[in-house]
Amino acid sequence: MDIATIIGILLGFVVITTAIVVGGGWQMFIHLPSLCITIGGMLCATLIHFSLPQFLGIFSVVKKTIVAKIPPPSELIQKMVNCAAISRRDGALALEQEISTLDNSFFIKGLQMVVDGQEPEAMREIMSLEIQNLQDRHSTGKKILEFMGAAAPAFGMIGTLIGLIQMLRSLESPESIGSGMAVALLTTFYGALSANLIFIPLAGKLGIYSKVESTAMEMITAGICAIAQGDNPTAVREKMQAFISQSRREEVKANI
Amino acid sequence: MDIATIIGILLGFVVITTAIVVGGGWQMFIHLPSLCITIGGMLCATLIHFSLPQFLGIFSVVKKTIVAKIPPPSELIQKMVNCAAISRRDGALALEQEISTLDNSFFIKGLQMVVDGQEPEAMREIMSLEIQNLQDRHSTGKKILEFMGAAAPAFGMIGTLIGLIQMLRSLESPESIGSGMAVALLTTFYGALSANLIFIPLAGKLGIYSKVESTAMEMITAGICAIAQGDNPTAVREKMQAFISQSRREEVKANI
Amino acid sequence: MDIATIIGILLGFVVITTAIVVGGGWQMFIHLPSLCITIGGMLCATLIHFSLPQFLGIFSVVKKTIVAKIPPPSELIQKMVNCAAISRRDGALALEQEISTLDNSFFIKGLQMVVDGQEPEAMREIMSLEIQNLQDRHSTGKKILEFMGAAAPAFGMIGTLIGLIQMLRSLESPESIGSGMAVALLTTFYGALSANLIFIPLAGKLGIYSKVESTAMEMITAGICAIAQGDNPTAVREKMQAFISQSRREEVKANI
Amino acid sequence: MDIATIIGILLGFVVITTAIVVGGGWQMFIHLPSLCITIGGMLCATLIHFSLPQFLGIFSVVKKTIVAKIPPPSELIQKMVNCAAISRRDGALALEQEISTLDNSFFIKGLQMVVDGQEPEAMREIMSLEIQNLQDRHSTGKKILEFMGAAAPAFGMIGTLIGLIQMLRSLESPESIGSGMAVALLTTFYGALSANLIFIPLAGKLGIYSKVESTAMEMITAGICAIAQGDNPTAVREKMQAFISQSRREEVKANI
Amino acid sequence: MDIATIIGILLGFVVITTAIVVGGGWQMFIHLPSLCITIGGMLCATLIHFSLPQFLGIFSVVKKTIVAKIPPPSELIQKMVNCAAISRRDGALALEQEISTLDNSFFIKGLQMVVDGQEPEAMREIMSLEIQNLQDRHSTGKKILEFMGAAAPAFGMIGTLIGLIQMLRSLESPESIGSGMAVALLTTFYGALSANLIFIPLAGKLGIYSKVESTAMEMITAGICAIAQGDNPTAVREKMQAFISQSRREEVKANI
């Protein structure tokens, strides 16, 4: 679970809400028609831009980014070294029991292939393809979020133009100008807020998360293939450590 | 037929129209001269930027993007494997009958070349060139739509400037200020709406569609060339499956 | 002569002028001092950015883009095949007469070198250098037009700022506010119109024209070198056809 | 210590503060709620975009950029040549005493490895990895500062929209319009000022500093490895001088 | 001396000044505090972004761009061919006298190395490094000018925000609104004018000048190395002519 994302979104809404409530008249800031124009228009443009499966997939991609827990490298290496030791001592079949103690599906799938006695080369190819697919999914998700972050302010502006034109029609009643323009500005506010607090930062987080998760998967792939080749625990550890920096590597050594 | 594009455009106009009708005075939003400045100016700039054949070709490219049905990979593989089996059993000439059951013109053209007994190398070259031409057409179409998406708001702003200058001339009659400015803002509204709901998202969809269609054509090319070389159905299937990801590949196997 | 460019510019001005005349008060839109600030300022910035010869060259580059007639590939191939046949039948010197029937200076120069009996390798080098120089000239012209398209709205805004500051000085006479602001907005209007209807689309057309013309020149180079090597007409045709796509190639075959 | 950064920030605030104080009413420019929306919103968006450790690391990266003193190349070469002479005369172990006279931790770490008698190849690999990690840290820091520079004006605009909507609600009391709009504009002012005077220039400085520091570290790596291989002082000097330009190189020679 | 730059800047200021004087009230456009905010703020941001030596170096780089006279290629070739003839006839030492007739310091430095009898390879390396350093200086200068061109309008907007907030504070006296807003807009005017008439075009000119000067230096390098190798005048001329286009090359031949 990525705490920074949740803290950021919650805190952001607290800050904005406080500013609105303190200034008075918070009821004005809740206006369903304005929300429909901004978010509805943005979603329609996204539907036109992307295909239906890509559009529907974005929600699960974002949910996984926030919820998914990527184990720290040291924990992955620790587990992999244990598996290597078991495999050397009791044979690959003994890893069957070990699988039930894991919660990372990619790790489980790899270990299962070792138990099944697949060729290391075939395993590496299958696992690389899976990493590639994950990166493609993340990259499409990033593009969709970035497009949403550009479309939301644009439809906010379109909503404000509609409101302005409607307000200017009835300029003879001066007392209605203020509230008319306030409503017109609401769509711009919704568009700017959703883009800058949600879509644009989430697209960035997805990019960073994608890099972290694929590095973890590459470490698992290196470890699994080493076990399949019958490497000893030390060789497994060293192959996985090549993916992390020197300073954090020492700390890992101590863990094992 | 790409449902997402049609849903997106229809829903988008429903959302915007509802917002306009609910707010009152929808008659104000229909103003032919304003539409002429925005769309006319944008089309003129597009004519200057691109050559006449490129400009005229954009409509058929967009129509094809929305209407064309790209068969799912599994269906293509299924058909190709059938053809391979027929070719192995009854010879290439027996494929003649199979052609009438197909509706994909690229597939038909390829199969016809197999029946005609062309060399696999020459076939691959001809088919690659056709894929290249398709990508060029799509890439030019994408550039034109992106240019339209940039030119429409620009001419919207030019129209608003014209309207503002005309309105400011007769500032002595305050009651006309409101309606004058409302009309002036209409061109900006037309420009922003057409760019953000039509041109920019359609340019994106064209890019995604181009990738999907050229992948399908590459799969057909790989399959046709394999049949021409006399490969057995299993080899044909495997060559075509190399273009799709592992997870969707399993599902394909079940289909055959 | 590029019809699309001329239609686009004329039609664009018709659309804008109609909008101005219909709205009334077209005299307001002609204001020499405003034009001087926008276009003069833009030209000065262009002079600072580029060197004097580059700046002066832009007019001839643009004129040539609009006026120049690039013959269709089939016509070029037809002529070149005729020349190849003459050269094979009567020798290279017989091409001397053929030169007078041509109007493409690059074609003439190449044919003259064949008559002069130059080495094919030397000819190819000289002609490639000329193509390179043409592309450099076009690329510089495109950069200048793009810079003009960015500078014109900027100086339009500077002019509007000057007008606004002058208008705000004499705010006590309310009746003059309207006309003062109308004049101030004129420079922005000039800048936006010239950039979006002229400079930006022309820069795009120059890029497309550059590609078409250099492809034609490369075809001529291929044909001329083939004749110089004594290739037969069929070989000349095939070498030139390698530059055009399959579908248009068939049509060419029919022409010969 | 980078004087330019400190002078720039101090002088910038002096200029802006003077302009505010001279114009009168400086109390208006200090408004805590506006500051909270702009800076708070920007920090929240940054938290969502980046991971928690990256976010927390930015402060130490910036502090180091301003405080850290990168010795001039000539000084580094002078010290390294001294070490090389000592190593040749008294052996690598004699360098132990030299370490205490240094204040550059990367230099110390390298020299310690020479004293420990590590292999030159292993040393080069360890030191290169450290340079790589430093560049990654700096590059992440640059991206965070650039994102802050884009998010601050965006949240400034969001704050202004909130203020405008609240002001328009109570348009009936004209005397409050002025102060309401002044407060609304404050967030835009905070956002523009912090982005243009702090975040954007600091991101640039971080990029320049990163290049200077990694060049210094590469020079140290080259020198340390040369000493470990037993090169004489002249060879050490020449290997380090390859990183600096000819004109500054002469000046270095004189120092030794 | 680059005439286009000087004409452009002078003419630009004449155009803008005329527009201001004709419109009346030119005294309003001279306002020292506004100038301090815009230019001072921009300079401070530049100081933070770049290092002190880079910042101080920009003035000499710009001065050299405007003042420096780059001799036309034909003149360089003419002089080099003369030197080659002297060197062949009277030996390299006879070039000593020739040096005093030159005013290009790079040419002089090269010729001095020939007189000193340096190795051609060493000379080429030294001269290439000097060209590299020149390009680095120009590229840094271009980046600084581009940053100034982006920072000036930003600080202009910050100044306008300060002025607007101060004006809105005292909205009760309507007669002061006009002059207050006019002063507020001045900083935006200063920022836009300095960016679009000075910084952005000068950055472009620096890029073009850098290309021209480094080509001239490469020609000199080629010529000097040819003389050092003892090439005859014709070979020297041909090696230098390889840097200029065919059409201008003929004209050069006539000069010698």
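Here the chain labels run A, B, C, D and E in written order, and each chain numbers its own residues starting at 1.
As a working rule, a contact is a pair of C-beta atoms (placed from the backbone, for glycine too) under 8 Å apart; a residue touches a chain by one contact, two chains touch by 3 or more.
This one's a predicted model, so the numbers in the text were calculated from it and none came from an experiment.
The set of chains touching chain B and also touching chain E is given as C.
Note on connectivity: the fewest chain-to-chain touch steps from chain A to chain D number 1. Rotating chain A by 145 degrees superposes its CA atoms on those of chain E, with the angle stated to the nearest 5.
Centre-to-centre separation between chain A and chain B, using Cα means, comes to 29 Å.
Separating the CA-averaged centres of chain B and chain D is a span of 47 Å. Within chain D, not a single residue touches two or more of the remaining chains.
Following neighbours round the ring, chain C first and chain E right after, the list reads C, E, D, A, B. Contact residues of chain C toward chain B in the complex are 2-5, 7-9, 11-12, 15-16, 18-20, 22-25, 28-29, 175, 177-179, 181-182, 185-186, 188-189, 192-193, 195-198, 200-202, 204-205, 208, 212, 245-247. Chain A meets chain B in the complex at residues 33, 36-37, 40-41, 44-52, 54-55, 126, 129-130, 132-133, 147, 151, 154-155, 157-159, 161-166, 168-172.
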